[in-house]
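Each of the two complexes below includes chain A, the first together with chain B, the second together with chain C.
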Partner chain A sequence: MSTNTLTPAAPAPAKPTKPWEASISDRIKTAAIFLGSALFTVGLVAVTPLKGKLAYAIVFFIAFVVIDYIYNVVKGGRAAGADSLFRGFVTAAVCLAITPIVSILLTVWVRGHKGVHWTLFTKDMHSNAFQDPANQGGLLHAIIGTFLLVLFAMIISVPIGVLTAIYITEIKGRFTRPIQFLVQAMSGVPSIVAGLFILASIVYPLTKTLNGFEGSLALAILMIPTVARTSQEVLLLIPQDLREAGVALGGTQWRTVIMIVLPAARSGLITAMILGVARVAGETAPILLLAGGNNSVNWNMFHGPMGSLPNYIWQSFGTGTPDSVTRAWAGLLVLLAIVLILFGLARTLGNRKVGK
Partner chain B sequence: MSTENFDVNDQGENMETNTQPNTLSSIASKREVKTAGTQAMGVGLEARGIHAWFGQKHALANVSMDFWPGTVTALIGPSGCGKSTFLRTLNRMHEFIPGAAMAGEVLLNGEDIYAPGTDVTKIRLKVGMVFQKPNPFPSMTIAENVLAGLKLAQLKTANKDELLEECLERAGLWSEVKDRLNTHGGALSGGQQQRLCIARALAVRPQVLLMDEPCSALDPGSTLKIEETISHLSSSVTIVIVTHNMQQAARVSDYTAFFLSDGGPGQMIEAGSTNEIFARPKDQRTENYVTGRFG
Partner chain C sequence: MTQTPPVTPPKREITTKPRFSDKVFRGVVTGGGLSSLIILGLILGFLLYEGYGTFKSQGFHFITSSNWNAVVDANGLFNAKASTFGIAAMLIGTLVVAVIAVIVGVPISVGAALYLTFYAPQFIRKFMVTAIDLMAAFPSVLFGLWGFFVLESSGEYWAKLLNKYLGWIPIFKLPTPYVQHSPFIAGLVLAIMIIPIVTSVSREVFSQTPLDRIQAAYALGATRWAMIRAVAFPYARSGIVGGVMLGLGRAMGETVAVYTVLNIVYQVNWHILFSAGGNIASMILLKFGEASPQEIKALMAAGLVLFLMTLLVNSAANYIVNRSKSGR
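Moving on, here comes the complex of A and B:
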């Protein structure tokens, strides 16, 4: 016996298993319940006067929840049944929440992709009318306009937003609480109010003309709270230890913030910036009020009205012919793609580990 | 030995432990006792009647102590007795905590560091600090971390490479990192990170180095290396170390001070040479603590 324990037999090769996961027979049963409720739904809709997609969805949901509940009560008692009921309602809630988003994305894709041509990105509308076939003219002027408007808004709002966050998290002065409250309240300001504010404070008393820079000012007002709040959350994640270490090495608070806190928070601050951009890229009301619209490329932010994607979409829909509506959906698709790419970028950068 | 969860009412049960041989005093007595007086390193650091408050809570009452130049002083005592608070008053880090207040004087080379008009950043250059958790700057490489103090305090140095090597050498890390000075400090082990933090603190040439439980987050092997580093440094820097590990206090320190709180503010019960504190403590409470009995 002792020899056995001293020289164990060569271990059988271990196979990785996941005993906690649903077995194949469990999965077949779930699939059977799913299929059964689907068949029941089709049958019921066929024999009763119920009509339409909504009827299918509701009947299927009720049938599935009831059958799953009965199955689980029979198999595992009332607690298991209650569990399955809860699971069914949670799944239904998730589906309800996702439906409009998926529907928007699908609609924009289905209607917009026909209007997307290469010329969209190389031509503007100065020699075309919105009624022209969708493959003539383009939205180069709108893309450049939106790019410039957002760039200038970013240049104005990112320093202000980050400095506000630094005041709230690092300096913690007397006004920290009221400023924090104001920043939160400002993130709910309707965009038209920002537009009217610039109109009343700058355009009417001073410049008396519309240009891109005024639009950027209004966008900056909308961007500052987003940048400030996100930056504040990022800065709060930086361990207090690092600040103390910086100060203990003989640094002033200012140099500690510049040399240690901000570099440690760098990727998070970039995320804050991109979220701010995504927040304002599709803003329409202040742009229509302040930047006006322009059908040709305008690189000068301080002279003349500035085209933009929202303005292009608004004008195209307003024209109302089939070709111009296709044009509008294509513009929507481009705008949505830009915003989604920005969000993706923000997530990727935000997920990177600090300091890497 | 549990230093964390001591209970003042828990008298009877712990009496048995008295029969254990007092290894701490034997460890402590092996050390050669350094006496005060290497005046070349400045007059040293003196605390006079230090009190500390957090808001309304009186955390530390009337502590007076001298730290002789070129010696290692250990502050021991149970959690919440004010050791770390006291340590942080010595380089004005205490004021960083919202609601903090203090009373008393801390004399560095005869001048009160709390005197009005004192440049606090200059004080912290002379009295460096190593924290409980290793905290290298995540955005910097190993080399940048060591030299960070120079940039933070905007100091000039003749030869950066020389200073870099010297500091890492003194912290006992040079041989382990010399081939990857331009990689990030986050890739080092916890013990290496802590020695990197020691090297970083040394780069601004402090006169005093405060260490707040520098080994409490480290494994025994890394702890040993840090203790070796402390022994090497003690000839050139005055060290004050807070520790929960009494063996560590016995191994590395020349002088030991015992802190205790009886529910009220923390007080310094007894201070003396480490040998005395562990072998012949004068106060009954000190003896109970160092022998593992409380109450």
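Moving on, here comes the complex of A and C:
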């Protein structure tokens, strides 16, 4: 006697239905509308004097929206038609928002990769002019300069930014709201104003000459709000239990913050730092006013002008010959690669769970 | 055997008074926290100090006239009496390009934010949010060069089309047929530059639309568009206004991209398709190189005007955004 015959066969579980999902016939209809408007577009552009990629895109978009609208009005009435029109609008908007990103990335790669070669990273420009063919000279001085500028900006701005965030999240004193407001206001300070400020406060009254450190100070002003706001968000994510545990173990507030809260937020704080660096690495206007340009490697932040990637790009672009413009794009490619790497790092660290 | 009486330990002092170490800690942190106030104050103070002379000698003309003449007399000395500094042309130019940027950029950003919040499937949303956040990290010199080499050629074509079909509207008129490097193209570049910030602010406020109201709208038979119109828009309106003003603030302060793309001419130009314009930030960069010490003081004054303008717009924007986030 097998057990099979005793237990009645369980009824096959009913498949959950998802009435809101597009059925196969819906998908076929969408594809048909898509194809139909594509055919219409090709036909119209071929017959009329409309020309170019833009004509294709616009005619296709209009055709698709109109056909989709008519179909929906016939099928579901005016409300469904309005819905389809709006869907067309938001889809177009997101395409328009993405197009420049794709175009910028492609342009930098297509125009820049010709100018990238190994000597770029081993030589500087002290014996070459910007008009020279792009395979002569290099941007070692610019990379070192940008590295130093950003490093010093980081040393100045990260403590200030993190302290600001700690004040807002841990101390929660009388000034919390004003400080939050001021940090937001500070993130809107135009970069050229930061440059002018350092000129007015340090260069003219005190040093009278340009050097890298002044550039770093201007970058630090631009970096503080980014670091402060990102750190603040991270610190707010730290569970209150951790702080209470610290206090319950007899810790004073500063030991709780230093030994429990900050270590728990470590990866988030590093993310904040990296985002700040990515924000200022390509900042051009204050660098042009303050750090000056230098065509050879300069390791001294406190003496003499300091080259940098934005400055190198700016000078090459300003020279205006085909070779120098290739140089500018190669410089941009290097700069963009640095920014992308930093951004990727920040993303991977930021996606880790808080407290790890 | 005598029993020793139990020793009661002395009572611990229970107090909420912070210890010395905590006082130091709070002092240090408060000092760090107040640094933003100090820095903003110092910026204001030093720019005012440097620019004060110009404000005094030019008076109200500094923002109403558009003459910029640094007169040097025969001995090579600066002549303060004959020199005039006025930034009206650049002030108007700043507003013109920033407003173009907002008009073009905001519908795109809000539409994209709506798509990403209410329409996009998960994987598309993740990818596109990353891409748009990434765009916020692009250096401005990159936007400038891209605008100069890539957008310029398309932009000229669009400008000609606009002039051909909408030329009867005063702002699309062309005094002479030069459309290269016009405020229109600078405005387009700025529009692209403000897309990330406006999109992310709008996305944030849209995503806070209460779910029960969305569901209620759907339960009443609303289409997605009807739901957005009846629930999401009213809820997010003030947040979007704030985001738009943040974008406006960014567009007003942009230097390098505008300098690269725009043909900077010192005149009041309302014809947005015509090849002349400028904004305060790019003017400062342009004039800074060969400016005499006195002229630099005038540039500092211009920088102060720019600083106050952006500070005002940004503060108003942040006020609106914060209120729409915390309220309700």
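Some observations on this one:
Here, the second predicted complex is superposed on the first by the 300 of 356 C-alpha atoms of A that agree within 3 Å, B and C clash if a C-alpha of one lies under 4 Å from a C-alpha of the other, contacts with A are read in each partner's own complex, and residues count from 1 in each chain.
Here, contacts are C-beta pairs under 8 Å (C-beta built on N, C-alpha and C of every residue); 3 or more make two chains touch, one makes a residue touch a chain.
All values reported here derive from a predicted model rather than from experimental measurement.
With both complexes superposed, C is the one of chain B and chain C in contact with more chain A residues.
Within the superposed three-chain model, A:Thr252 lies in touch with chain B and with chain C [touch as defined at top]. When the two structures are aligned on the shared chain, A:Pro263 is found in touch with chain B, with no touch to chain C. In the superposed model, A:Leu149 lies in contact with neither chain B nor chain C. In the overlay built on the shared chain, the residue A:Glu244 is in contact with chain B alone; chain C does not reach it.
Put simply, chain A uses residues 252, 255 to touch chain B in one complex and chain C in the other.
Across the interface of their complex, chain C is touched by residues 54, 79-80, 82-83, 85-87, 89-94, 96-98, 100-101, 103-104, 107-108, 111, 159-160, 162-164, 166-168, 170-171, 173, 175, 178-179, 181-194, 196-197, 199-201, 204, 221, 224-225, 228, 252-255, 257, 275, 278-279, 281-285, 288-289, 310, 313-314, 317, 328-329, 332, 335-336, 339-340, 342-343, 347 of chain A. In the complex of the two chains, the chain C residues touching chain A come out as 18-19, 21-22, 24-26, 28-37, 39-40, 42-43, 46-47, 49-50, 107-112, 114-116, 119-120, 128, 130-135, 137-143, 145-146, 149-150, 154, 157, 192, 195, 199, 223-226, 228, 246, 249-250, 252-256, 260, 281, 284-285, 288, 296, 299-300, 303, 306-307, 310-311, 313-315, 318-319, 322.
Here chain B touches chain A in the complex through residues 91, 93, 96, 98, 121-122, 124-125, 128-129, 131, 133, 135, 137-140, 148-149, 151-154, 184, 186, 197, 200-201, 204, going by the rule given at the top. Of all the residues in chain A, the ones that touch chain B in their complex are 172, 239, 241-242, 244-252, 255-256, 259-260, 263-264, 266, 354-356.
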